[in-house]
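One chain, subunit A, links the two complexes that follow: it is found with subunit B in the first and with subunit C in the second.
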Partner chain A sequence: MNPWHIIWAIAVKDWRVEGRARDVLAATLFFAVLVVTILAFAFGPESAKLREAAPGILWVAIAFASILAASRAFAAESEDGALEALLLYPVPHELIYLGKLLGNLGLMLLIAVVITPFTLIIYGVDISGRELPFGLAVLLGVTGFSIVSSFQSALTINLRSRESLLPVLIFPVVVPVIIASVKATVGIITKDPSIDVQSWLQLLLGFNLVYLVVCTLAFPYAVE
Partner chain B sequence: MNALSLQGLVHRYQRSYVLRGTSLELPSNEILALYGSNGAGKTTLLKIIASSLVPTRGKGEVLGFDLANRLEIRKRVLIVSHSLGFYPDLTGKENLEFALKMHGKTGNIAAALEQVGLATENRVRGFSSGMRKRLALAKMVLLEPTLILLDEPFAALDPEGKNLVENIILEQKKRGATLIITSHEPERTNKIATLTVNLEHGEISKPIVPEVA
Partner chain C sequence: MLTQKKLFDAPWLTPALGLLSVVVISVSLFFTFTAQPDVLQGYLTRILPIHVGASWLAYLAFGLTAVFGLTYLITRNYHWDRLSAASSEIGVVFIVLSLFSGALWGRPAWGAYWSWGDARLTTTALMLMVYVGMLMVRGMIEDTGRRARVSAVIGIVASVGVPINYLSVYWWSTLHQSPTLSIVERRSALQNSGILIGFLVGLLGFTILYVYLLRLRGQLALQQARLEEHELELELKGVLAHD
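Here is the complex of A and B:
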């Protein structure tokens, strides 16, 4: 069997389920938009202040949206013994993780595509000429969140208090991703020469690769 | 070749022993009826055979593969338990398509659904428990496993559904499959079973040919 076919089949199945239920997208988008809007009011009308706060606010919204999405990442599997059935398919469990990750990442990127321009507009941030590095920073940051949160979601699937446990488990692990993402986006938005954007992006890529390898290899032990 | 060869399986759940040294030899292409009261360990035994559970102690082979060789066992064994493992927001057809893809197989889904009398494009969420069971039968027909484990296949079915299950079980045996069926309906199950065993308090009897009334 082609591993890519397995990964793709799981991701497509998750997108199809989400397309029907729409519980992750609706709740997460609403929450992220709410965070960005409320904090815009809190910072007041001063445009310089708003621009300065924008990168932090964007990542706060993405981080919380990621937690919400993670708590629902295995929701489709929590009904009618679907997780047990999924794990009993004759495929390496590493591929199941990668499929679930791709499914979650697709949804998170969709949320980021909506929430990022919304934040830039509300906070009056102009990134013309720097769209590519900015997009790359968002892509790498969201991927980092998704790698960790998909794994932790699987780890807590059978726990009664998973909703409250997930943030406690995810945030300490994802701190390097948050720092690197915020630093890179601040550097891109403010054009501050003291912030080496390229280094932060490389660091983010490095973290993502390490997390991806560790989570993929640890997943079979976490779910068995 | 034996489809199943289990020696001294022990399974402990928290502090209580569900299986206490269960041994079982089952030749290929038999239909084994596994009887026992609620909590006797029938489902646990099926889950160990399906490689869904790891026994606390003991060893065994399923279709010639050691119990630890889970991937090879999972390619050839299908368990139909109380939780059928379907995605409620997908249609029956989509669920079967997914199962086929995960097994790297192709098959005539429409024909399988027709065989079990499920010609509907509705989502599984709207299915009754009987319809979900029929969908599980369609999955069994499509995947053509070598060893089939059916946990109370007659439960929650109307007489027509029960006859359908019987026919499909016999068809699968004819195809060459080995089947293990747990049931609380010995009158019906003994009609199709070629061997029966009793599992009580985690201990299993020797397989015998069933008495048909």
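Here is the complex of A and C:
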């Protein structure tokens, strides 16, 4: 079987489950909207200050949403020995990780597509004419979170109090993604020439590639 | 080869290493506290042998945590898992000491206990978080095999993250340049004052201390594992006797 077919089949399986139950999307999206709204109250009503804080707020919401979604992604697999059955398929375990990653990434991108315009609109940020680089920054950032959080979620499957443990494992690792995404989006929004948007995007790309390789290679050990 | 193994297993080796580390660190402290006050920083540099020694030990411990973890995944011998766990615990203790002594030095030298602008401080704090998370995960898994496997994987992924974290935080902070003291300046200051000897001896002392603590913690872990095995056997016997 073609490896792409295997990856696609696992991702489609996750999307089908999500399409029927919608528990990840509903909870995660609501949570992200809540974070964006609460931070607006926390920073006060000055619109200039809020506009400045908007990129940071957007990434806080996406980071938290990513952890929530990843933790749910493998929670479903831990029921009724689903993960054991999945691992019994005669395919390399690396491909199972990539399939689960694609499934999670699809949901996260859907959430990002909603939460990003929502944040930009309610904080009054104008990115007209720069939608493409902004979209690229969001895509790379969301992919970085997804790679790490899917992996750590698989690692902690079936653990007691894993919901509180996952952030502890994920956040220290994804700090470069948070820094680079915030820097890149701030640079795109403010057009500040002192921020080199391209090199921050390259850092994101480099981080994603390194972690994609490391997590894919380590995944068979994580679930064996 | 045989004599080497004999030496390695000798019961007196561990306490001897402990004693040696105390002696060497004392010598380092003697040089540190009898040296002339530094030209630039005065008495402040006296904390450096402890601070740098603890930081070096923590870096060494975290590096070896990943190496031992990888060796465990290849050999599947619990010996390496025990060493990896011991190493990460030692690393956490000494990185806390490093952050604490650094903060004490930073208050008079930089004017603040903590600076988010400094790459090294920020990454050190992140490293502490990663390894505390790893120890928390260890504490939650009862199955020995899975515990060893999962913590080895976390240790390896974390060791990949440290250089990336360091670079990204470094680039991040160069954009918001804050008045930090460069390592190069510190080193030249040390050469002037003569604390350098105490500093170098201290590095040696902390390395010996690491080997001592690693052996001690490894032996303790071995005894714990044996005890658990023994208890399990007794329980099984009890169950059989009941039937």
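One rule holds for everything that comes next: the second predicted complex is superposed on the first by the 224 of 224 C-alpha atoms of A that agree within 3 Å, B and C clash if a C-alpha of one lies under 4 Å from a C-alpha of the other, contacts with A are read in each partner's own complex, and residues count from 1 in each chain.
Definition applied: a contact is a pair of C-beta atoms (placed from the backbone, for glycine too) under 8 Å apart; a residue touches a chain by one contact, two chains touch by 3 or more.
It should be emphasised that the depicted structure is a prediction, and the values quoted were computed from it without experimental measurement.
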Contacts of A:Ala76 with subunit B and subunit C, given as first, second, both or neither: first
Contacts of A:Val17 with subunit B and subunit C, given as first, second, both or neither: first
First, second, both or neither for A:Leu169, with subunit B first and subunit C second: second
First (subunit B), second (subunit C), both or neither touched by A:Leu86: first
A:Ala26 touches, of subunit B and subunit C: first, second, both or neither? neither
Touching partner for A:Thr156 - first (subunit B), second (subunit C), both, neither: second
Which partner, subunit B or subunit C, touches more subunit A residues: C
Which superposed partner A:Val210 touches (first subunit B, second subunit C, both, neither): second
Footprint overlap on subunit A, where subunit B in one structure and subunit C in the other make contact: 224
Subunit A residues within the subunit C interface of the complex: 151, 155-156, 159-161, 165, 168-169, 171-173, 175-176, 179-180, 183, 194-195, 199, 203, 207, 210-211, 214-215, 218, 221-222, 224
Residues on subunit B engaged by subunit A in the complex (per definition of touch): 50-52, 54, 71-72, 74-75, 79, 81-90, 94, 98-99, 101-104, 123, 132
Touching residues on subunit A, where the partner in the complex is subunit B: 1, 5-6, 9, 13, 16-17, 20-21, 76, 79-82, 84-92, 224
Touching residues (chain side subunit C, partner subunit A) in the complex: 73, 126-127, 129-130, 132-134, 136-137, 140-141, 149-150, 152-154, 156-158, 160-161, 164-165, 167-169, 171-172, 175
